[in-house]
Amino acid sequence: MTLSREQMAQRVARELQDGYYVNLGIGIPTLVANYVPEGIDVMLQSENGLLGMGEFPAEAELDADMINAGKQTVTARPGASIFDSAESFAMIRGGHVDLTVLGAFEVDVEGNIASWMIPGKLIKGMGGAMDLVAGAENIIVIMTHAAKDGASKLLPRCSLPLTGAGCIRRVLTDLAYLEIENGAFVLKERAPGVSVEEIVAKTAGKLIVPEHVPEMTF
Amino acid sequence: MSGLDKRVSTYEQALEGLGDGMTVLSGGFGLCGIPENLIAEIRRRQVRDLTVVSNNCGIDGFGLGVLLEDRQIRKMIASYVGENALFERQLLNGELEVELTPQGTLAERLRAGGAGIPAFYTATGYGTPVAEGKEVRDFNGKHYILERALIGDFAIVKGWKADYFGNVIYRHTAQNFNPLVAMAGRITVVEVEEIVAPGELEPSQIHTPGIYVNRLILGHFEKRIEKRTLRA
Amino acid sequence: MSGLDKRVSTYEQALEGLGDGMTVLSGGFGLCGIPENLIAEIRRRQVRDLTVVSNNCGIDGFGLGVLLEDRQIRKMIASYVGENALFERQLLNGELEVELTPQGTLAERLRAGGAGIPAFYTATGYGTPVAEGKEVRDFNGKHYILERALIGDFAIVKGWKADYFGNVIYRHTAQNFNPLVAMAGRITVVEVEEIVAPGELEPSQIHTPGIYVNRLILGHFEKRIEKRTLRA
Amino acid sequence: MTLSREQMAQRVARELQDGYYVNLGIGIPTLVANYVPEGIDVMLQSENGLLGMGEFPAEAELDADMINAGKQTVTARPGASIFDSAESFAMIRGGHVDLTVLGAFEVDVEGNIASWMIPGKLIKGMGGAMDLVAGAENIIVIMTHAAKDGASKLLPRCSLPLTGAGCIRRVLTDLAYLEIENGAFVLKERAPGVSVEEIVAKTAGKLIVPEHVPEMTF
């Protein structure tokens, strides 16, 4: 069984450590906030200028001046700080964010990531994604392992224009958790019931399969 | 009236001198913290061939989006422009030019413009289309690209409160790019929700010191919400 | 205890890991806003061969000056070091090395270090001894020199109030270099006059967000005045 | 008669315009604040991070956390702002300060200034002086016209290490007010009772003397 969106978020949430400052991208990464493990407290950074993003507001708290990087109305938790965009990206570019989780179209064995532009389609812009991947030491990419037509998104070399070069080390897909080392994907865990063979078949880039590949549990 | 008093009483005065072909820097992120009324005044003035620097370009019919309706923008420097059908049409028609800049690089280029730093190195965008034509350089074994400062003829800013010397504070995440464009404008115009007397704001809590501000005006704001999301 | 809680209870814990040969960034301007007790703890630890980055080096017997008494500083990066006889003696003896950096360049180099900018161009120092050995480059017909970012193994910071997540505000002009060294330390240690619960400080009024702060300690301060000048 | 320190400050104060943001260096420049003309309001910037420097404090207001760039205890006037050193020099380097007044050892016909270092003497450092001269468009140097031994301080070329290159246009000495244009000092005004001959004798750099050189009045 491929992982559901919720399971993907849940698996990534296990990488959180107490006291982490975390930037969660739009989409599945946002869901990670719902699965912060018991006994762990993290601060969510939103690159429009909010450190300590809280829940969505109740109707009475709704405020046009309080939004997240996805332009959704949010709240600030106790202990939050709010600042301008230069300060926000000083944190990001300066490597102060402990973990960045974001989506992608493609990742390759060199740690390159493509996530913002499909030639021929309208280019909407990279927003903060290039800053996030260039600045963070610790990034987890969340994406489906293959496109709907079966084409692998884990490649020998990204085919799309890059968001960042050589900056990705960890990828969670709906099939597996992999790390990138020395020009190869290393299969670390597989989704419950997903065979190594399926993962091998759907990984276009060089894949190293250790003798034992544990199944994730939920 | 003191020369330190930055107040003007009409939006016409606020943007006096704005002309065709100028560069306008605008604060705001999405529709949050945008200088709504200054944008409306740019439209009213019907100036053309503007280069507009802003993280986004509003939406159809609101924010900077309204300047597309009469084709006032020739070039947009932004990080994300995906919320606007008219924008898309003008871009595909070739009526509009876009320079996409990563969000953090855009923020830093504006700050650099205001701070007298002509250029700086950043790892952001190395190895991507953003790096094309830019100098690449290694520092401590890592690759960086050279990015240039941005300066505008006018900066339009949305603040919350200001004293009439032009010391501004922003409310919540409506801060975003506003203090940065305020630094980088040759003429910086700020519209706010409340103007108080000098001395009423705590000096160490001011976000934009009045030295950056040339004109100040009291406005009324719609503050449209782009994505209304509520707790279940 | 939450991992976001930055409080430590002793100065020994506050500077745990500080060793010989390390680079220490210190906040303060003259004797204003200096981390008095963290400096005293550096002395107590008797670490040696330090590179210290600070706008000034205190005075004889107070501030960073106390680290000269047991010759703990090997190199000083500063903009102005003229208030200290012991400093002068060690400098002339060759026991102490000094890298003089213009004040604004020093501030910007620290901010750059914290912000992931490895280097930037500035007109400051062009054509002066400061430019020696540095790249010169023209932008828009003006000369600039390339300056490098500064980073420290430890940053020592004096704040006023902080919540225990390490969100700090500074009092009056005791702010100075403190927020900048806070950004640029691999381990940033802040001592403050008051620690409050998260939520008690207004989010948009925080000078140093807790993300930059690793350790926080409550201190008592002498706050010596360097030049007491009163209205006649 | 050579100008007194107070007269030098008074003369420079006439260059103030209503609404100016002004940085005054240590020494005679500081005195300029005492002669702000009637009907004019200016904001004083102190580069340690204070815009809107007020008077010295009364005993009861004395506060170790409120000092100026000369490390003297001061007050903040209503409408002041306080910020960190990077922001302070963003204002200075970015050219936002309308007028900078500072002292010097030497100035030359190319607009070079030397003010921080005398080889062989102990070097105390440049503090903010290099940033101030590089960042400002509008600078007035205040200094004595000649050293005590009679050596001119207005030179064809500075002999001391520079603080800034090609950045000075205006000099007020105890003998004269001069502007620097096209590689020469232009004598604009002379101190009351000081002859053009004396100024010529004490100016080592090329000096242009217009037909009429008005005397300053106080």
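Letters A, B, C and D mark the chains in the order given here, with residues in each chain numbered from 1 onward.
Operating definition for what follows: a residue touches a chain if its C-beta (ideal position, glycine included) is under 8 Å from a C-beta of that chain, and two chains touch if they have at least 3 such contacts.
Because the structure is a prediction, the values reported are computed rather than measured.
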| item | value |
| --- | --- |
| Graph separation of chain B and chain D (steps between touching chains) | 1 |
| Chain pair with the higher count of C-beta pairs in contact (A-B, A-C) | A-B |
| Mean-CA-position distance for chain C and chain A (Å) | 35 |
| CA centroid of chain B to CA centroid of chain C, Å | 32 |
| Distance between the centres, which are taken as Cα means, of chain D and chain C, whole angstrom | 29 |
| Residues of chain B whose C-beta touches two or more other chains | 108, 111, 115-117, 122-123, 170-172, 175, 203-204, 207 |
| Junction residues of chain D - those touching two or more other chains | 50, 76, 82-83, 86, 89, 92-93, 135 |
| Pairs of chains satisfying the touch condition | A-B, A-C, B-C, B-D, C-D |
| Residue ranges of chain D in contact with chain B within the complex | 17-21, 40-43, 45, 50-52, 76, 78-83, 86-87, 89-97, 135 |
| For the chain C and chain B complex, residues of the former touching the latter | 108, 112, 115-123, 139-140, 142, 144, 148, 169-172, 175, 203-205, 207 |
| Of chain C, residues touching chain D in the complex | 29-33, 55, 78-82, 88, 91-92, 98, 100, 102-108, 110-111, 122-130, 143, 160, 170-180, 207, 223-232 |
| For the chain D and chain C complex, residues of the former touching the latter | 46-50, 55-59, 62-68, 70-74, 76, 82-86, 88-89, 92-93, 112, 117, 122-131, 134-135, 161-166 |
| Complex interface listing, chain C residues touching chain A | 2-5, 111, 113-117, 163, 165, 167, 183, 197-199, 203-204, 206, 209-212 |
